[in-house]
Amino acid sequence: MNHPTSNTPLLQVNGVTVRFGGLTAVDDVSFDVHQGDLLGLIGPNGAGKTTMMRAIIGVVQPTVGSVFLGGESLNGLPIHKRIQKGMSLSQQLVRPLRDMSIQENVALAAASDKTISPLRAFLNVSTDRELAVAQTELARVGIVSMASQSPSIQPLGVLKRLELARALALKPRLLLLDEPLAGLNSQEARALATTIAEINQQGLTIVLIEHNLGEVMRICQRLVVLDNGKKIGDGDPRVVMADPVVRAAYLGGDALGASEAQGHSTLETQRA
Amino acid sequence: MNYEISLITTMAIAVMFALSLNLITGFCGQISLGHATFQGIGAYAAAMLGKAGWPFLATLPVSMVLAGLLGVIVGLASLRVRADFLAITTMGVGFLFVGIVRQQESLGGELGVSSIPDHGLGRVGFMALALLMCAGIAALSVYIKRSWMGRVFNGIAEDEDTMRVLGIDVPRYKLAAFAMGTSLAGLSGAFYTYHLTFIGAESFGFVESITVLSMVVFGGIGSVPGVIIAAALLSVLPAWFQVIGDYKLLVYGGLLFVMMRFSPGGMAGLAARFFPTTPLVKGGKP
Amino acid sequence: MKFRTARFSLMTVAAAVALSTSPAWAQLKMGFNVPLTGFAAADGKSALDGAKLAVEQANAKGGVAGQKIELVVYDDQAVAKEAVPSATKMVDRDKVVVAVSGSYSGSTRAAASIFQNAKIPYVVAYAIHPDITLAGDYMFRVSSMGEVQGRGGAKLVQNLGKKRTVLITVKNDFGQALAAGFRDAAPKLGINIVNEYEYAMPDRQFGALVSKVKSDNPEVIYASGYFFNAGPLVSQLRAAGITVPIIGQEGYDSDKFIEIAGPASEGTLITTSLDRDSTEPATRAFLADYRKATNAGADMVAASSYTAVSVAIEGLRKTGGKGGAALRDAIAAGSYDTPIGKLVFNDLNEVKKDIQVQIVKDKAFRRHSVISDPVLLAPPTKAK
Amino acid sequence: MLAIELVAQGLIQGSIYALVALGLTLVYGLLRILHVAHAALFTLGGYVGVLVCNASGSLALGFLIAALVAGFGGVAMFRLAYQPLLSKPPYVALIASIGLFIASEEAFRIIFGAQGMSFTNPALQQQLVLGWGLQFKLAEILVMVSTASIIGVLAWLQARTRIGIACQATVSDPQMAQSFGISLLKVRDINFFVGSALAGFAGVWVALLNNLVEPTMGSVPSYKALAIIVLGGLGSVPGTLAAALLLGVIEAFGTIYLGDILDRNAIAFAFLIAVLMVRPQGLFARS
C-alpha cells in the first residue's frame, strides 16, 4: 500500500528529544526515511539508538518533537495503533509464543485485520487464509521446513527469522529491525542480512538498527549515525564512515578496526 | 427425588460460575480473587427485581448487564495496575462489595434478602433451564477457544508485550474478557438467588471467590471440560463429604494444596500427561 | 400433661448411652442442623451437647412409643448455602419426622421454608430472626425474639435508674434485632440513647470504638456480641477506665466470656434465659446433668437446644411418634416446664417468657433479677 | 482528647499489622509469592504463646518459643510448599498457599478445639494513666515499643551485617547475588524464618491484648496484610512499616466516622484501591 504522494517521506523524525529524569538519551534528532529505503541506524554504545527506536514504536513518548508516518503524526498513539497504521517491529530479544507452533505464531500476526477488535475476532474462526500467508512469509525468510514445530526447541537463528516472518505477516509499510544480527555467528549474520536486503528489494522500506558494521555497510543505501543522543552523520555509507567526527566517535581517533566494529556489549541496551 | 434435583441444580450453577471465571482467568490469564462479587451483583439484582414483581426470566438479562457493567469498570481499573497487584485489587473489590452491601438497608443489610418469589418453573424446569445455560456457556467457551478471539486471549495470557507489538489492542481484549466473564457470573447469581430463595452479603465473600478460582485451577486453567468436571465435583463435595463432616474444610484445603503442588495444570494437566493429545497443529488445547 | 423431669441417677444415664448406640428398636429420626465448623463452631458444640443430652435422657426412658430417637446431625456452618442442602437431605433422604435448629438465624431462615413446605415441624432453639416463625405454622421457637430481648434490656436500664445509654451492636441479625427492640422501648422508658456504634463479627480489637465511647461518657452501655467478641470488648472498655455498668445478652452467656474478659467481666449484667441460681427443678436438674455429661458449665445455647429437642420429643410422645400436622398441633398445644423457663406457644408459635438477668460475681453468672413485663415482653402474634 | 486516643489506638493496631505484614513483604520481595498462609504462622504463634505461658507461667518464654516455632514453621512451609513451585506461574503458589491456609485453620480447630483458649492469668494488663485522660493497658504500650525496637534491629541488621546485605542483594538481583557466592537457599531460609517469627510474635501480642486465641484469628490479618504490602510497595520494608501504621490510624478514624458507610475491613481495601488508582506502584515505592 503506497503513501499518497511520492515526495512525502514515509517516516519523518522531527527534532525528537527523549529525557529520563536528568539523562538526555536522544537530543534533538531529525531524519527522514523514504519509500524503498534500507536505512542503517548506527552508533557506538549508549548512542541512543534503542531509545530512538522506542520513541518511533511508541514504547517511549518523546519529551520534545514528533514522529510522522506517511504524513500522519504518531504522537500519543499507543504501540498497537502505530502497528495498525503500517509499522512493524522485530524485537532484539526474540519472544516467540511458545504455546503454539511457528506457523501459528506467524498466522496470528497475519490475522491482524480479523483481530483488530475483540468483536471481529469473536466472529472469525477460520485460519486457512492466515496459515497460507504464514507459509509464504516463512518461505520468504527460509524456515518454512520448521512450520509445524514448536518454537521452544529452535536455535537463535531460526527464532530471529521467526520474528522477521511475524513482522512481515503484518504487511507493514515500514519495518523496524532492532539488532536482528545480535548473537548470530558470521555465516548466520551474513545469510540473514542478505535476506533482509532481498526483502527491501521487494519494495519494503526498512530501518535497521545494528552493531554489525560489516553487514550494515554491505546492505544499507544510507546511514544515520547517533552518538550521545545527537545525530552526527546522515548519508551514503562510504561518505559517512569517512567523516572524521564519526570515526572519532566510534574509534577514539584511530583507523576503522573490523573487530571493534563487530563486538558490541549488551550494557548499552540496558542503560537506554 | 428433590434432594438429587437440588444437588444437580447446585452443580449447574457452580459450573456456570466457574466457566464464567474461566473466560477471565483461564483464557485471558487475568487472576481474579473477587469473582464472587459479580455473582453477588447478579444475585441481588435478581432478588430485588423478583421482589418488585419481575418474572424470573426477565431478571436474567438485567442481572447480566449490571454485573457486566461493573465488570468493565473493575476491568478498566485493573488495567492501570501491575500484574501481581491485580489479584489483590480484585480481592479488595470483593471486600468493598460485601462491606457496602452489608450497610445498605435497601438491600436488606445484615439480614440479607429473603422470601424471594418462586421462579414458577417448578423444580425440574428450573434445573433443566440451569443445565441448558451451562451447556450454552460451555459451547460459547469452546467456540471462543476456536475463534481468533481465543487465540488472542492465549497470546495475552502468555506474553502481553509481544501481543502489543503484533498490533493487538490488549486493553480492549482484557475488557472484553472481563465483560463476558462478569456478566455470565451475574447470570449464575440470578439462578443462585432463585435456587436458595435467601441471599446475604457474606454468600459472595472472599471464601466463595477462592472456591470458584480453585474449581478453575483444579479443572485446569483454560480447559473447558476440566473446569466443568471440577466445578461439578467441588460444588457438591461438602454435601457428599458430610460423612467426613468435621474435616471437610481440612480435606478441601489439603486437596487444593496437593493439586497445586503436584499438578499445577489441574486435572486437564494430569489428563494431558497420561493421554497426550496430538502435537499442536490445529487449535490450542481442547 | 406437664412435662416433668424425672430424677436421674448416674447408672441410668450410663445405661442410656449404651442403649442408644444399639439400633435394636425402630428409629424415630430427628433432624438437627448445627454449625460444627466455621466461625460459629463454638456455639455449635454447646448446642450439640445440649441436644444429645435431651435425646439420651429420652431414650433412657424407653424413647417414644417403643421407638428410639435418632439425632441426624448436619453441619451447616451457620450459613444459608450449607443449610439448604442439609435441610433438603433431612426431608428427602433421612425422612426425619421432626427437625430442630441448633444454629444461627442465617442458616435457620434458609432451612425454615424447606421444612414448612415438607410439613415437618421445626423447633428452633436460639436463632432469633422474626422471619423464621413467619415462614409458616410448622415453625416453633423456644427462645424470645431479638426485639423482645432488646426491649427487656431497655427495661433493665430503667430498673437500674440510668438514662444516658450508648449502644454497641454486633453487625449481624442478632445484634440488629436487639438494637431495634432497645430503640423501640427506650423512649417509652425515658431512656436517652446518646450514641450507637456497630462492629463486625471478626473484630477483636476495639481501641477506636472504646475511645469514642469514653468521650460520650454514658451512664450505661448496652453492647451486643458473642463471647469471642464481647469478651475482648468488655475487657478493653474496662482497660480504658470506663466503669459504668455494661449490659449484654445471651451471646455473652458462656463461661468462655468470663475466662476471656477475666477480672474485667465482674459486674457485667446479661439478659438471658438460663438462670444459674434458679430454684426451678427443671433448671437445676439440667445444670447438674449437663455438667455430668460434659463436665463443663452449661450455657444458654446448650440450654435452649436441650429445651428445643425436649419440646419436640414431648410432641412425639403425644402423637405416638407420628409427625406432620398431628405433631404440629401437639407441640403447639403443649406447655412446658424447661431449663429456660415455663413455655407456652402463642398463635405465631412464639413463647412469652420472663427474661432472667444474670450478673458476673466472682467468676460466675449469678442471679441478678427477673424482668417479667407481660406487655413489654409480649412476642408478636399472627395478627401483626 | 479523642483525636489523640484514636491516633494512639491506630498505632497500636498498626504495630500488629506491621509485624504480620513485614514477614509477608520479606517473602514477597524475595520470591514474588503472595504467601497467604503466612497468617497461619500468626495463629500458630498465638496458640504456642498461650500454651507455653500457661504451662510455664512465664510470658517471655511464651514469646520466645512462639517465635521459634513459627519461624521454623515458616521455613518448613518454604521448603515443602514454595521451593518446588518457584518455577511455576505465580497463581500456582498463590492457590497452594490459600489451600494451605484453609487446611491450617481447620487443623487448629481440630487440634485445639473450636472454643479457643485464653491465658490462665494474662500478664501486662496493668493500666497506665497518661496525660489528657489517656489510659492504656501496659500490653498496648509494649506492643508498640517492641515493634519499633524489632524493626530498628532488623533495619540495622539489613544495613550493617553481611547477612543483611546478602538478603538485600538477593532481593534486587538473585542471579547476581548467586554469582557472588551467596547461597540463595540459605538467604531465603533466613528471610522465611525472620518473617515467620515476627508473625508468631505478633500472634502472641494479639492473644495477650484480646486474651483469646481461636482457629480463625488469622483470617482477617491474612488478607489485610496483603493490602498493606501492596500499599507499602511490594518488597519495601520501610514502605510496609509506614503503610501498616498509616492503615491502623485510618482504620481507627474510619470505624468512627465512616462506620455507617463501610465496615472496618472494607476501609482498608477502599484505601488500597484509591491509592492504586493514583499510584499504581503503591504508596511508598519508587516508580
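In this document, chain identifiers A, B, C and D correspond to the written order of the chains, with residue numbering beginning at 1 in each.
Convention: contacts are C-beta pairs under 8 Å (C-beta built on N, C-alpha and C of every residue); 3 or more make two chains touch, one makes a residue touch a chain.
Remember, it's a predicted structure, so these values are computed and weren't measured experimentally.
Set side by side, the interfaces B-C and A-B show unequal numbers of C-beta pairs in contact, with more at A-B. Taking the mean Cα position of each chain as its centre, A sits at the greatest distance from chain B. Think of the whole protein's Cα atoms as having one middle point; the chain whose own Cα middle lies nearest to it is B. Look at where the CA atoms of chain B average out and do the same for chain C: the two points lie 37 Å apart.
Mean C-alpha positions place chain A and chain D at a centre distance of 49 Å. Centroids of chain A and chain C (each the mean of its C-alpha atoms) stand 76 Å apart. Once the centre of each chain is set as its mean CA position, chain A and chain B turn out to be 43 Å apart.
Shown for chain D are the residues that touch two or more other chains, namely 106, 260, 263, 265. For chain A, the set of residues that touch two or more other chains is empty.
In chain C, the residues that reach two or more other chains under the touch definition are 36-37, 171. In terms of inter-chain touching, the protein chains here follow a pattern that is not a line, ring, star or complete graph.
Under the contact rule defined at the top, the touching pairs of chains are A-B, B-C, B-D, C-D. Put simply, chain C touches chain B in their complex at residues 36-37, 74-75, 79-82, 84-86, 88-89, 91-93, 106, 109-110, 113, 129, 131, 171-173, 175-176.
Within the complex, the chain A residues that touch chain B are 57, 78-80, 83-84, 88-89, 91, 95, 97-101, 104, 108-109, 111-112, 114-125, 127, 148, 150, 166, 170.
Within the complex formed with chain D, the chain C residues making contact are 36-39, 41-42, 44-45, 171, 197-200, 202-205, 207-212, 214-215, 228, 231-232, 235, 239-241, 256, 259-262.
For chain D in complex with chain B, the residues that touch the partner chain are 32, 34, 81, 84-85, 88-96, 98-107, 110, 223, 226-227, 230, 234, 260-263, 265-270, 272-273, 276-277, 280-282. The part of chain B that touches chain C in the complex is made up of residues 1-3, 6-7, 10, 102, 109-112, 114-115, 195-200, 202-203, 238-239, 242, 245-246, 248-249.
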